[in-house]
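Note that chain A is present in both complexes that follow, paired respectively with chain B and with chain C.
And then the complex of A and B:
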């Protein structure tokens, strides 16, 4: 990586992007994270009560009696007393590691950089939230951030309800010893594994969720226009088989479930009509910004996040936005085509940023942090 | 055989890799002990290089990359290529000659960044040769110059009722942090502690202070340039933009509809004016030819050639037929001059023939000099008459139409507002009482345009017919 060519300088930086669904980690300067694992920590408990483990401040992450597992076989194999928790909620401190310098940057800014823009509206639809964040000149405009809870997890919930309606049981693969092929729509016939250990509820739920997420990713599709019963009935069906052998053709449900993202008025399980659809989220966010930058924001709407990979998402979004924007406004949607780029765009942005020669002055060194404390983080990190 | 193969083998060894040579400590080919350069790898032809430097009109400054220079001073003014290529050879793909020189080692070395304030030491990979040199990216550390004022200066000059000192300090602190990006500053402004300020307020205060400071600090005698920020204009502009953006589709459609209507009205107006002009031309032509003829006849009767010269207004070509002047060398038939030019349409020819036969005139008279001339004139006048007749009947028809419409409107009562669009027939023709109509329905669009038919033209037809009679007998 010669310095003069594109302004890069390799100092051996590490980039971490911690999301609510997965954690991405790797070296700066590379185009894809080396490690991508779910944001869950498996904790084995030696105690009897089996409640949430103790917090971990000050220590290297190892408490007496509890060991933490991240994305290892330990987590995927059924074990007794393995609780699953999310590090974001319970908080993990990393200051005890010997880090010479660090820098925090907002994911929206990094996503924008990864797509080659320093100004734009970043629409991030991930597992827990769909957010629209206006970025101007590399800085986030905090007063324009609009959040909506309709995202990947909401979809999973709806899929779960669909299976309940169809009276289909979700059986995670770890329980299945063997299965027989059955006719379409017929109840599954499978044999349970013998000698299964006593797994905790949270772990079982986690495994079921992976099955549902697989269904969600492969079957669901967003329709081009607002959901219409007749149009949906004519859509081609997709065949899907659950791990326990139950297989079925899904037609109208494929379109109905993701419709909740764009038009939450008809979606089940939502209290009242206060939720905003994705199109509304974008327009509200832009509407809260200064009028001079609105054309700039509409001219680069950056779509990121794993949930946007649902088939038809970007087309529908494009259609909705072109209807809602004033006719003189030039609308451009930027959505990278590969799954890697969309899921990891924040990480890639971080990798780009950390490898720039001109960035090296912006690190917060240990010494600065010791002197300044949290304020210096607020000042230096945009 | 084995010896030859051995020697060829050694030859091969010798030609590949300066490293090998280095290891075996053999004498190398070229003894440039200096660091490898691009030329050695790509092997650009030295002769060609000389040629290219000669043909350059401007000398490229030292150290500037060739591609950057090409962007500035390109002969063809083409757009610069997206991927600048490095081959100086043209279309041949150049093979990199690797291994011709010694390896340049890289080293993991510590460095300080002069742009940093704390002097932290980081490590990175760099060529061993460049150890000790400055960090090249430090020169990109540029910031915007935000003026700094002292306590005194504030008390003396910068005091303002709407702004406390703390707020002003906060504003300037944000300006420095965000390099005068006012939108970001406005976003990060502390609205809880201070009042809610708009972007224009912030800009106004900032530029105000800057202006005052430059004035105060300027060396006496010089007139410093101060940037004046017009906050009122900015506010109005933004309000206008808001209104523009929040137009409903109905409003947009209405605006477009109105613009279209305006265009239609304008085109119709142009058409009317054009028609009126044509008519006017026709009539003046008719009048002038009459005058001319009368003058000629008088002149010939009185045998005064002078009048003929003075009274000869330019007859526009649209009136009558212009017979081509025969300028042939040598002998030609006079009957050729009598031939109608091809530009005269079928209808006109038919009309001429009709009138001639009606009047009993021979369609093809004997082409004597006088007859030829008079016959041509006659036919020209006939065409003129025909055109005038047409125009006359058109105007009469329009008159009728408007009369009917006027009556209809009167019957319907003044409450009915007539539409501005009309089918095919445009409205012209000054009606005897246009003022009455105007006062009754103001929205009605009536153009008082169109040359009123002169009584001359009506009597003109009669004159012509009399002429014909005279001519025939």
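And then the complex of A and C:
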């Protein structure tokens, strides 16, 4: 690439890390992403009878037709006929946005490098999957990748079931005009907002999920040893109040729900016992790799992903792995203490990579892509 | 650093046994290189060569012999040095090696050399090659660990690093080891001053990915080449299932590859390997094959030769759906008019079992070869011999099928479940120890890059257990 084409030395890059739950985006060279927003798009379509849906202040003068909304604030405003969809599931094309050049790199490689390593076992537990990806000398060992569907969304489902058992309705804030304070455990008492637009089911579910996810993040804790009812009963309780005023002290449930991540055998809603717990995901992945690199992988288990931020996750993982590996095996978990680094390690890796001087020779221009197609991506991107 | 000097440095080790005109030629070149690259770099190269020669030696012992050789070179390169300076010096060093309290690394066979005298002893010592079980790979140090150690003493760090890498990659040209060390030391130099810089380490490590992966690949294939008797036979089956080609084509390709390794692995310079692999890539990726191959294979072929090989090495192989060749039966194996019939037979059984690593495959093939060879050279009727050995041959071939099946399961099941599976499969006399042998073989040797010497031993142990059980 000649500097002339792209304006000489002052060429910057945008870095995107697109997950199932959120998108992290920002500028290359910075140490954290500027934007962190949900990976959903709100799409409004015209009503069938030809009239236009309700507009909010910001959109006066907009033409009728398909309108897209991204970002938490935009998405949380109730609008008529706004469906929520995931661009990952529905396909996305970068070329619609006139991008002059791009580069793709596997997130596991970036996470490893961001943590100062070119070899390690990257354990990424996010919304949809918990995945172990062995990285050796900067390359992903494809044959060792192990994926389990037990992750954030699985726990959200378990939380929903808990509330169903308690006969508690999940009411998102957009519906609530006012609420009364009630005793702990008592049914909620709240008033619904009047004149709410006719929202779609998908949007309503999305808003309910945000309530559940807040509960998940605040209340749940992973037990440091396999779940035991008696021990759990002694667990200090955490008080939590839902948006509609229902409030309760949660004790044993705090440990029981996330236990399914580590020991799926007793988890509700799982068909059969073929799911692997987090510990087994790691050991199975390492076991698929050559014997002489296994110490290197166990010596650098890099923990990333939002789901790993549940209190107690890394301690329990450490314990599980210590029990499953030979005593002589040096085991080291690398888990950043800050939320920023844990959720953003792949983004940070991308930021560093994109700011390297040699990066400009690596990217794929639109012209190259037009001529070479997908093959040039396979060839140039590790 | 140019690597041409390496061939001349190994001449130091052997120079005293070469002809007179060779001696002065070697001296000029060595002294020229010493002047050009300096004593510090010369020491690094000597450390690499001697660490490879004596992987079991301690750092102290290796440093000792490298320092002696450097001193010898420096003394004998003085303008006023006598013409027989090298000869005398090398003799003194070899005397010292055979002394009781030698400070140099001890090779297990050194006593054999020391019982010889003079010229013979020196030649024997110079050509000693160590053969040990593989050492565990080095754990990757963190940037902080590197910087702490490097800044304390940069020169000592560099010597220690080359020693640790060289003794773990002793069957490859020293040039690659020296290159890796230089990259690593340069990374420390650039990224530790004034403070530990993670982005700098990221950049350096990212750029070194291809060369570190290649080092590992080369070490693996050269270890196989040096240690496995029937490596070429195993390679034929490997390429047959990878490229989905018949015996003749697979055999040509494997011969090309294996002869390149035989020529280049134990040479000190990297150039030989580079040239051989460049020409091999052309053979592997030729147009006639490329069109029928998978997208992944084509993608591998679009890269530089070294990267093509490491890329192809990682591809999944499938057993061929139909073998376009006449099947060979064991009864035909001594037919004189078909000299490669045993190889065809071994290809036939090997190509189907793609989950078996090369060390295990070649050990089993070896076993079959020995049985067949014994019959073919039998004074009595070889046909009768083959008939008698038929069941033994079938059993050995069946072991291959069993290993293939077990290794497929090994990668699907958790270890406790796998052990249970093995216990269920292994019945009869000595079931416990046989089961143990199978588990050990699977956990160590199912992965493709399994250690050749150890896996040879473990395979032989399983063969013996199974033979004893059915005896």
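Quick note on the criterion: the second predicted complex is superposed on the first by the 350 of 382 C-alpha atoms of A that agree within 3 Å, B and C clash if a C-alpha of one lies under 4 Å from a C-alpha of the other, contacts with A are read in each partner's own complex, and residues count from 1 in each chain.
By our rule, a contact is a pair of C-beta atoms (placed from the backbone, for glycine too) under 8 Å apart; a residue touches a chain by one contact, two chains touch by 3 or more.
Bear in mind the structure is a predicted one, so any value in this text is a computation, not a measurement.
> For the combined arrangement obtained by superposing on chain A, do chain B and chain C clash, or do they fit?
clash
> Which partner does A:293 contact after superposing on A: first (chain B), second (chain C), both, neither?
Both: A:293 reaches chain B and chain C.
> For A:12, using the defined touch cut-off, is the partner it touches chain B, chain C, both, or neither? Pick first, second, both or neither.
Once the two structures are laid over each other on A, A:12 reaches chain B alone.
> Which partner chains sit in contact with A:368 here, chain B, chain C, both or neither? Use first/second/both/neither.
first
> In the superposed arrangement, does A:360 touch chain B (first), chain C (second), both or neither?
The first partner, chain B, only.
> Figure out whether A:143 sits in contact with chain B (first) or chain C (second), or with both, or with neither.
Both partners, chain B and chain C.
> Is A:101 contacted by the first partner chain B, the second partner chain C, both or neither?
Touch partner of A:101: chain B, not chain C.
> Do chain B and chain C touch any of the same residues on chain A, and if so, which?
In the superposed arrangement, which is not itself an observed complex, chain A uses residues 136-137, 139, 141-143, 289-293, 356, 358, 379 for both chain B and chain C.
> Would you mind writing out the residues of chain A in touch with chain C in their complex?
Residue positions touching the partner: 113-114, 116-120, 136-139, 141-143, 276, 280, 283-284, 287-293, 295-296, 299-300, 330, 349, 352-353, 355-356, 358, 375, 378-379, 382.
> Along chain B, where are the residues that touch chain A in the complex?
Those residues of chain B that touch chain A are 113, 115-116, 118, 120, 122-126, 135-138, 140-141, 177-178, 181, 183-184, 186-188, 199, 238, 241-242, 244-247, 249, 252.
> In the complex, go through chain A and note every residue touching chain B.
Residues 1, 3-4, 7, 9-12, 100-101, 136-137, 139, 141-144, 289-294, 326-329, 356-358, 360-361, 363, 365, 367-368, 379.
> For the complex, which residues does chain C have touching chain A?
By the definition above, chain C touches chain A via 134, 136-137, 139-140, 142-144, 198-199, 201-203, 205-209, 212-213, 216, 295, 298-299, 302-303, 314, 316, 410-411, 414-415, 443-444, 447-451.
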